[in-house]
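Okay, got some structures for you below.
In the two assemblies presented below, subunit A is common to both, partnered first by subunit B and then by subunit C.
After this line comes the complex of A and B, so read on.
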């Protein structure tokens, strides 16, 4: 349980900058994610923390101690790699024991700890097997157990879920969250999957092209992304065209809003975004003769262009003049293709970003 | 059909390997075997007795030969494992050039290299010494070692070493516990190849050793040339048996090491968990 601090890390490969001025702080016992597409420098960041790759500039501190020129084996930063990297010539037990053996922990203590660890990850029966004889999910558990047994200062998880099928992935995800909560190990998870990041982490750092674009809680990133790229990474999003007219109100394609609250700081170069689930659709006429439009007050008329049923949700593509937006509703939805609907959105759900 | 064909091929192949050996075995105990007769006329043990009588030159030279080849094997492995690792895993300027240079002894005849290096060895006082012979034997085997270890390291990568370091293993520990077991198949094949090549060297030993370093092949060749078939066959037989034993020995030794370093813990956890 140590805090980790990266200060202005830069790394060049073949003259190209792969990590750009990265500054990141992970609190003691916290679990955070580095999220980004493959090749954005996430894994390199992990290797820099562990000392497998040397940064060209910048400083790393673990628990306040500078890691400058400290070799990998003395840092206590353990990486669990995506491909597990179990030692094929050792049994599962010997794999888990490895770190303790390197530290010359007495044999009796080692054996006791390995047994505990095997139990902890639910592999009591597999200790004598070789890595080639166990399943992918079990290998993952062994890799994690092997890392945990050395009581790492920081646990670095490199895409731990990407080789697993959906069911196993969900199981491993809750397994890791569980362990992390129990042991309170400072953990950095690297993933390209927004869901992994959102579910497991108390903070998320979004990286593109070696740059940390935004670092914050999952809610902040989802509800208040600071750029279109970040917003897109967390799911589908509609860009809503708007103009500010002299009356001080903001005229958007889906309605007119007062320039206050969330929109108070809106500048002309900013973008206005809206998530599909924040779009409400209602019928032109609810059958009783009263149009819902009059109740909501602020909405525009559109036409359903396409309906996609996806089980728990239904997606609608709605054309409002020349603008096509995507909305989603829970359940199978009440509208058919070609129907006219009213589109409205609450001001609170509008996202302003640069 | 296909099966019987492959079986016939197998039989032909084994016979072509075994028959010459059988001939050597026969000749080593044959005193006279005139041309048209199918079986030897007279058998005897003069050849083998000469070799194995206590204090014989043959036994002395056999021991010298084994000693030289063992040192050559160890030294060459010590050079080619790091060399192969560098060529297989790391990028550095001039890598392509070094890769070719290192394989040069395969292209340039060892005879030419031996002649060229002879003068230098005389100046260094290495001629007529066992050390000189060991050093010159390393020349023709380097390419095999480098080639094998370059390929092995390209194949296994350094991922496991990275994992070892991350888990707290120092450089030496990483090498002993991870690198060595991982490249063990390469060590066995390179080691046995190096041993055999060094063990069968005739010309280089003769050139640098100048006759005062008496290895087994040095004694054997004159018999083959002089036409003493019984002696030549006896020497060849011993030569083959020693080479085979060396191969088996190297393999056994390394396997033993290998299982000692990983197997014990494995056995323990198996016992305890069931």
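After this line comes the complex of A and C, so read on.
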């Protein structure tokens, strides 16, 4: 278990800054994710940690030791590459053995460790096969075993689930989480898929254009993103127009809220956001003669513009005057296109974005 | 179905004019050589098919020493050329720059004819050559005859030098392209797992380029083993390389010696065919190991 610290890392490619002043701390035994779109610099960050790419500025510490000018062989930061990069001319066993061989570990110990590792990743019978003779999921396991066998200080996983189908992806995700928990190895996962990051990691760093925009727990990032870009990366989001009037209340397009709690520090330049699942829709009239509006106490009338059934969820586009918002309900949903609905949202679900 | 057949035949139809000439010349030449080696040469009144010529060739004093000399010189020169060629290719591949000028320079000996190569080696390495004279000029040796006899020597050093000079760029050219095609990603992965420069060469580059190195080795070996110009110009009189013996018999004014030349040529051809078979056998085993890659 080793701690990883990146301090003010900068990297330039052809005069363009691809990593901008990146600072990040990964605690011992922690598994974190670097999440962002393609080309945002997350893989470059991994390569910088591994020593395959040199940072132009900044410092890296692994377990308190500076990695300045230390070659990749001596860092103990092993990457499991997106495309596995298994050596095609070596058997699965020889691939796994490779790192130990490079460390000049005696043959008898190597053989024993390879057998243990094959067993650990569930590939006992595949040791004699060549990479071309095993499935994608098995290749992934071999790549992970090849990295783990050298007992790395930090394990770096570069988009490990991107080439897998959904079923295999889920299997590999739990496999990696399971391994990480068992070995308590400090792990940094790079992914463009928010689901991978949310499921596997205790912390997530969201990167855009070489910059770490936010670093925090999955809950923090989902519920309190610090920018519209981060909020959007974690799923659909509605931007709610609002006005602060002298009455001390916030008048939004979906209702009027007291300026307290999480809205207390709302400034005019801030954005007010709302996730689709935080929007509640209800019928204008429940048949009893009392509108739901009176029960909720804060809602506005809208009209369903479009309904999309997506299996476990149903999405609605609701027009409120000139504003169109997107809501979702679990299951089929009770509303049809053209129907009038009341739209309401709890104050706690509103996201203030600076 | 017909479309498929038509398209699969197409390349053969396109190649037919060239292939027919090649096959005709090759099979005719080979057929005539085999017949003449068996003593059938109606042009000079030899009609009896016999193995006597082979027997006599095998029993002659110069044959085995010539065969061993040829095998040794070819093997040594090809091994040296392979080691230098592969090393150069690896060193150049590992550079960030392309060094196009250096590459062009390295390829230069390929276009130089063997005769010119022999002349160059003679001019440089003979006892009256430039290096010997330079040695005298610098006071390293007293007289040019003190310079070691590298040309016409019984070890065939002059021949080896010429073949190394000609063969190294050939191996370099092929292996360099193969090494370049090996993804740098693989090198990155190996380095990340602790591989040093020499580890990368021996564990990644060499095994992955081995089929190409081996095929180039076989081509080069077969060529140096079967060609007569350089051993004829730079080699010793004893032992004589087998192709030189065949050439002498072939150019003998007495035409009845022609079957001896052909018998020797058949031995040379037979060994070359065996090498090609060996290459296929090894390659097949190698591919089998990596099947489904």
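Methods note: the second predicted complex is superposed on the first by the 354 of 354 C-alpha atoms of A that agree within 3 Å, B and C clash if a C-alpha of one lies under 4 Å from a C-alpha of the other, contacts with A are read in each partner's own complex, and residues count from 1 in each chain.
Following the convention adopted for this analysis, a contact is a pair of C-beta atoms (placed from the backbone, for glycine too) under 8 Å apart; a residue touches a chain by one contact, two chains touch by 3 or more.
Just so you know, these numbers come straight off a predicted model, no measurement behind them.
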Side-by-side fit of subunit B and subunit C on subunit A, or clash: clash
Partner contacting more residues of subunit A (subunit B vs subunit C): B
First (subunit B), second (subunit C), both or neither touched by A:131: second
Which superposed partner A:150 touches (first subunit B, second subunit C, both, neither): both
Partner chain(s) touched by A:97 [first = subunit B, second = subunit C, both, neither]: first
Contacts of A:118 with subunit B and subunit C, given as first, second, both or neither: first
Overlap of the subunit B and subunit C footprints on subunit A, listed as residue numbers: 50-52, 71-73, 78-79, 81, 83, 85, 87-89, 98-99, 101-103, 130, 146-147, 150
Subunit A residues within the subunit C interface of the complex: 50-52, 71-73, 78-79, 81, 83, 85, 87-89, 98-99, 101-103, 130-133, 146-147, 150
Complex interface listing, subunit B residues touching subunit A: 159-160, 162-170, 173, 177-178, 181-182, 184, 258, 262, 265-274
Complex contacts: residues of subunit A adjacent to subunit B: 50-52, 71-74, 76-79, 81, 83, 85, 87-94, 97-99, 101-103, 111, 114-115, 118, 124-130, 146-147, 150
Contact footprint of subunit A on subunit C as seen in their complex: 185-186, 188-196, 199, 203-204, 207-208, 289-293
